[in-house]
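A, B, C and D are the chain letters, set down in written order, and residue numbers restart from 1 in every chain.
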Amino acid sequence: MSDVKKVVLAYSGGLDTSVIVKWLKETYDCEVVTFTADLGQGEEVEPARAKAQALGVKEIYIEDLRETFVRDYVFPMFRANTIYEGEYLLGTSIARPLIARRLIEIANETGADAISHGATGKGNDQVRFELGAYALKPNVKVIAPWREWDLNSREKLMNYCEEHDIPVDFAKNKKKSPYSMDANLLHISYEGGVLEDPWTEAEEEMWRWSVSPEAAPDQATYIDLTFEHGDIVAIDGKATKPHDVLSYLNKVGGENGIGRLDIVENRYVGMKSRGCYETPGGTIMLRAHRAIESITLDRESAHLKDELMPKYAELIYNGYWWSPERKMLQAAIDQSQGSVNGVVRLKLYKGNVIVVGRESEDSLFDASIATFEDDAGAYDQKDAEGFIKLNALRLRIAAKKGRLDD
Amino acid sequence: MSDVKKVVLAYSGGLDTSVIVKWLKETYDCEVVTFTADLGQGEEVEPARAKAQALGVKEIYIEDLRETFVRDYVFPMFRANTIYEGEYLLGTSIARPLIARRLIEIANETGADAISHGATGKGNDQVRFELGAYALKPNVKVIAPWREWDLNSREKLMNYCEEHDIPVDFAKNKKKSPYSMDANLLHISYEGGVLEDPWTEAEEEMWRWSVSPEAAPDQATYIDLTFEHGDIVAIDGKATKPHDVLSYLNKVGGENGIGRLDIVENRYVGMKSRGCYETPGGTIMLRAHRAIESITLDRESAHLKDELMPKYAELIYNGYWWSPERKMLQAAIDQSQGSVNGVVRLKLYKGNVIVVGRESEDSLFDASIATFEDDAGAYDQKDAEGFIKLNALRLRIAAKKGRLDD
Amino acid sequence: MSDVKKVVLAYSGGLDTSVIVKWLKETYDCEVVTFTADLGQGEEVEPARAKAQALGVKEIYIEDLRETFVRDYVFPMFRANTIYEGEYLLGTSIARPLIARRLIEIANETGADAISHGATGKGNDQVRFELGAYALKPNVKVIAPWREWDLNSREKLMNYCEEHDIPVDFAKNKKKSPYSMDANLLHISYEGGVLEDPWTEAEEEMWRWSVSPEAAPDQATYIDLTFEHGDIVAIDGKATKPHDVLSYLNKVGGENGIGRLDIVENRYVGMKSRGCYETPGGTIMLRAHRAIESITLDRESAHLKDELMPKYAELIYNGYWWSPERKMLQAAIDQSQGSVNGVVRLKLYKGNVIVVGRESEDSLFDASIATFEDDAGAYDQKDAEGFIKLNALRLRIAAKKGRLDD
Amino acid sequence: MSDVKKVVLAYSGGLDTSVIVKWLKETYDCEVVTFTADLGQGEEVEPARAKAQALGVKEIYIEDLRETFVRDYVFPMFRANTIYEGEYLLGTSIARPLIARRLIEIANETGADAISHGATGKGNDQVRFELGAYALKPNVKVIAPWREWDLNSREKLMNYCEEHDIPVDFAKNKKKSPYSMDANLLHISYEGGVLEDPWTEAEEEMWRWSVSPEAAPDQATYIDLTFEHGDIVAIDGKATKPHDVLSYLNKVGGENGIGRLDIVENRYVGMKSRGCYETPGGTIMLRAHRAIESITLDRESAHLKDELMPKYAELIYNGYWWSPERKMLQAAIDQSQGSVNGVVRLKLYKGNVIVVGRESEDSLFDASIATFEDDAGAYDQKDAEGFIKLNALRLRIAAKKGRLDD
């Protein structure tokens, strides 16, 4: 228990991670470095400084990571049209590798030999943090207090606070919620509470980032998104930075009741869990990206991407962002995006994201071939006969053997 | 050109296939058998009898195939959560193998040596009809008039009608449309006309099966769907036949503005084309099926299905329903559906299909394990450490070699 | 430690598992049931009875499982042409699920609440035993002594024997080997010792089941294998039971220097390890199965099988035989084997398995089509133009946009 | 027929392509440019010049492409451990895209508007040539005489020669063979003749590049191959150019009876065909590449490569080298090869390629972890329990529902 000298903690400024600061010092007799990141979760991060200082922390890192988060993690993931289990846009999953990287970089800068986090032993986040940490610093010591301590009830935590003079007003800054939540620029998530019964509908007051479709405006909003190499670079014709793209789409999406999701998902640790998510901007981006690909991407490239996507999504969900296999898939995906350029026009209306137009100088849609009108010889319909005949040949040979008639 | 004695034609009763009847007789000096099927396209099929008789056809087949269509084609496809290119629910594709099968069965019954259809040489349907036909009767002769004749404009067709006494009122029964359309119980599709420019939004008056989200009721509709072995067997607790399921869901979905789709897709013959689709019932079924699977299907089964799905969808889109490889995938998919039983509650509102509850006696969701509360030892959080450590081992060994830091 | 009442142990009769009998009784104060199986490892299993009795065991199971092993595990696996990491034929992996099943069935028969095995904490076998056990009896208690005790050196084990009156002659029956070995009808494996350096060539005296290619006869052996539904049912025209097939092929293969393999493989627990294997019969079966498939299996079925195989192999290697996803893949594979019937002629010579002939009433090889001579119209070469033109269409459209020239 | 002005012909100097020169001029009234490449087929290419001149050709291209062939086509393909249908090393397939590229480049240089080749309408090569040509020059005209003319017997060809003063000694330079053959540095292939019966063993005199295993030396040959980034760069420690690597391995492999293959394969045009191949160097390279990967490549990267390989092989076999989807897969494969460095020692003996050692500074084999001896804490066996428990969790939950017991 005592060979840890200094530990870098992913510190939110909330009650739980404040308890962890104390507990680490007490349990490991070690120095604690706190790291607090602005990933667009919608809360100020600067107040974490005073809180950490009050807990006796001397090395305090507070950083705005929104730009790198969207540019280097969210955007590459969206190039793959990534969805986990047909529904989930991986809002929590994609933030973890960046946090893991900064924890390790700070450990290297400060000479720390360990990292710590506030994720429980039942969830995916512990895996994502720790796989990232081990991949980037193989000999790092990882401390996961929730797997070690016995403070496994709210009551015990409160007693610990009292005994250790941790100001409980820490908790009051955050509106008390019956849900376990996580937020960043890509989404906000809700778990626990009444959601633990999959038959129970989520309460309207749970949702924080979007209005309900019912409450959304009766007038649709139209928006043009410009892509370069598969990433959004402009909104309504105006060049926009990656994190500003996502902020803006969250805003306009949330206003139009877009991006709510209520699912039961399969965790990497082997259980099913109910989760609710709001991903307004991501929901818009996914639809738009598929639309721009629909006119600019080769058919077989698109189909190959679709076949690779479930595995790519699983890797990110399970915490393997830093793995060599994720990098292999990324290389294939990125290779396909060079011509994914152009503009998509969307109509946003009461929960719906409707594609109404797409155009591109790199379009492979050739109206002169596809037309129902006279195509002036661009396509010779007689070619189809040979195409079908040879594609059918193996089936015909098999059929002659009486094979295919069951 | 002259070795055909009798040909079975997929006959809609419309102008084009009526011209084909005449053209086949004239060109091949052969008998023509017509086959007209009710697949739920929403038009009477019985009038095709008089039209065929007027054209001199003696063997006329008119059949209601709605039940087998949904039970034996649509439902098996939906077990796989099948989507082509991330969007398209394959409404046209899935009807073709059934039509091909009946054409061949009728050919066998009537002693015909050829089949014919009215699909063009640019599209997917010719491929689907013909691959099916060859797979089921390898030596059948296939006649595809659109690839052979020179009646490649409306004017030439009309002249042909006049010259051959084909009553052009045939065409008047059908509301004249600028779009090429196809319909069956699963969907109605639109191509051509202004849709040939992917930047142009579809006109509101084009859509026939659904109201717009704007025009849908302000009150949501709740619906309970009961699944057995992956198929819907009851609606709101009442046992319902497959095709009645789809009819009802089309109705309630269309009323709530659900199921419109506007995409550019990649045809098997090598071109991109714009298509608009209304699939109200199918859109609801897909969402509901994923929801019931989310609590009843094993994680790795679900992920394997997701990995296999794009290929399965491609096979159906390309016309390989009767192929041995489609049957292999179907065997795998069906193997997974034994416990996909239970009820899904949906909220339908202005284009949105929202899952609000799912329950099943076969549920693998175990609240006693997933809970954020005390789980009474159902899950030992300490197991997670070993799980992570061994999953990380290969990454750590590589990291020690300086591998993963780029 | 003390809530175990009765444990079923996979008992080889060797020193290690004899120590485990004593250690289980002493540590858990429980009854021990021993289970010893003949899987064709080439050693008598009956002597295990006296040894178990001498250790005070009252319930002793000794069984000949060779037939079920080959028919229900080895043969289904070979239908998939299964190879792990391009080389390994999974000889050890495929025996574990059967042992796990019998352990659990015996536990159910004898009212035991736990099972135990002698596999170490570093290997794959612990995983295979335990995943199987948990899948078949989810609440079973698993005891893995090598992960628990401190007898982690030969010396400590010997001391334990002395202290507990375990007759060490137990060990003498087995020729002392520097290698860790495992054998069953499919293979014999070697690990450890000098093999721990991947640059060191295995010594000739290590190999037990095969002569070296150098020492094999100078005359080739020809053999005919008859397949039904993908399984071998006759040798040289004589009907043969599954395990007799494998016994015979091991003999003739070993005599001809066939089936030696020396690889570094990736274990599921995260490390690489060196292993040497002799799989004479399996090496022959794999080659023959591919040969019979080459004339009887549809192209796309074959390609789909090749795409699914690596995952199927991984599942078996990792211990997921009893998982739903393995059963899904098996359903797909078995679906493909109905017409995999016929005869393959092989030439065996000094390590080589050479296919020299294949024939089948279900052959899809059609000489009248494939011939370089006049095919009398069986194939119309002009069809190829349309086939190529439409397959090229997407490439041409992309090329016109300057896409493919890098 | 007459809109072709100048055509570039893939010209071997043999009788068939000499006839094509004349036939093109006569049929299309066009200029012919000949292109003859040395790909290591083992015949002089320079004599083609005089022959072409004798046929009146004015623009004659004769090129040594051996280096680019191996470096830019063969080596990238071997990085993927590419095998078609479990057996075939794609020796013919991989040469076609290079020839297609040079045909198109020469067409661009000479102002030609068409290309031509001597491949038949039944085979894969026409597809490979033409897909390549269309991908690189979308509006090129392709002339495939074998699909157009009626010279479909040897007799008609000879008559044509006589009528057109084509010196038939052209044919005599080549030893008359009953087989259709193709050769380049990677392999030589045989089709037709007695091989059209898959039950007939190939005659010993057919094989040209290798001795039989029986005739190979009684002494084994040892060889060390050094890899950098997945490619062989040195033999027995001596730096060697790509095409010299393959030349040398062909020589030493052929001498040791290595690389003969006799298979029935599935052509892209829909038929099965029998082919025999000699690929001595390629057989050695494949084995060696897997061996160096076995110690240097991450497990999941290796498994992902194995899953992608069948599709990659199919793309090359079918002629899609220049397609965007092949480039996507190549990007993934190449991404994995950075650390595939080191030395493999092989023993070559009478048809066997036996790996006897592998070593690398980038080795991920860690004896200190894998050892059966005391590992000094490098691996904590207790971690395995948690690893297994969580991997088993989903199976246990399913088993409690009675799922997995069938």
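One rule holds for everything that comes next: contacts are C-beta pairs under 8 Å (C-beta built on N, C-alpha and C of every residue); 3 or more make two chains touch, one makes a residue touch a chain.
In UniProt terms, the chains line up like this: A, B, C, D = Argininosuccinate synthase.
Values in this document were obtained by computation on a predicted structure and should not be read as measured data.
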{"item": "Chains touching both chain A (Argininosuccinate synthase) and chain C (Argininosuccinate synthase), listed by label", "value": "B, D"}
{"item": "Of A-B and B-D, whichever chain pair has more C-beta contact pairs", "value": "A-B"}
{"item": "Inter-chain centre distance, chain B (Argininosuccinate synthase) versus chain D (Argininosuccinate synthase) - centres from mean C-alpha coordinates, in Å", "value": "40"}
{"item": "Gap in Å, rounded to a whole number, between the CA centres of chain B (Argininosuccinate synthase) and chain A (Argininosuccinate synthase)", "value": "32"}
{"item": "Set of chain B (Argininosuccinate synthase) residues in contact with two or more other chains", "value": "266, 269-271, 298-300, 303, 311, 323-324, 364, 366, 369, 379, 382-385, 387, 390-394, 397-398, 403"}
{"item": "Chain B (Argininosuccinate synthase)-facing residues of chain C (Argininosuccinate synthase), complex", "value": "266, 269-271, 298, 300-301, 303-305, 311, 320, 323-325, 327-329, 331-336, 390-394, 397"}
{"item": "Residue numbers on chain D (Argininosuccinate synthase) that touch chain C (Argininosuccinate synthase), as the complex places them", "value": "81, 85-87, 120-122, 126-127, 130-131, 134-139, 144, 146-147, 152-153, 180, 191-192, 196-202, 213-214, 218, 220, 260, 262-266, 269-274, 290-291, 294-295, 299, 302-303, 306-307, 310-311, 314, 322-324, 345, 347, 349-352, 354-359, 363-367, 369-372, 374, 379, 381-385, 387-388, 391-392, 395-400, 403-405"}
{"item": "Residues of chain D (Argininosuccinate synthase) defined as touching chain B (Argininosuccinate synthase) within the complex", "value": "298-300, 339, 362, 364, 366, 369, 379-380, 382-387, 389-391, 393-394, 397-398, 401, 403"}
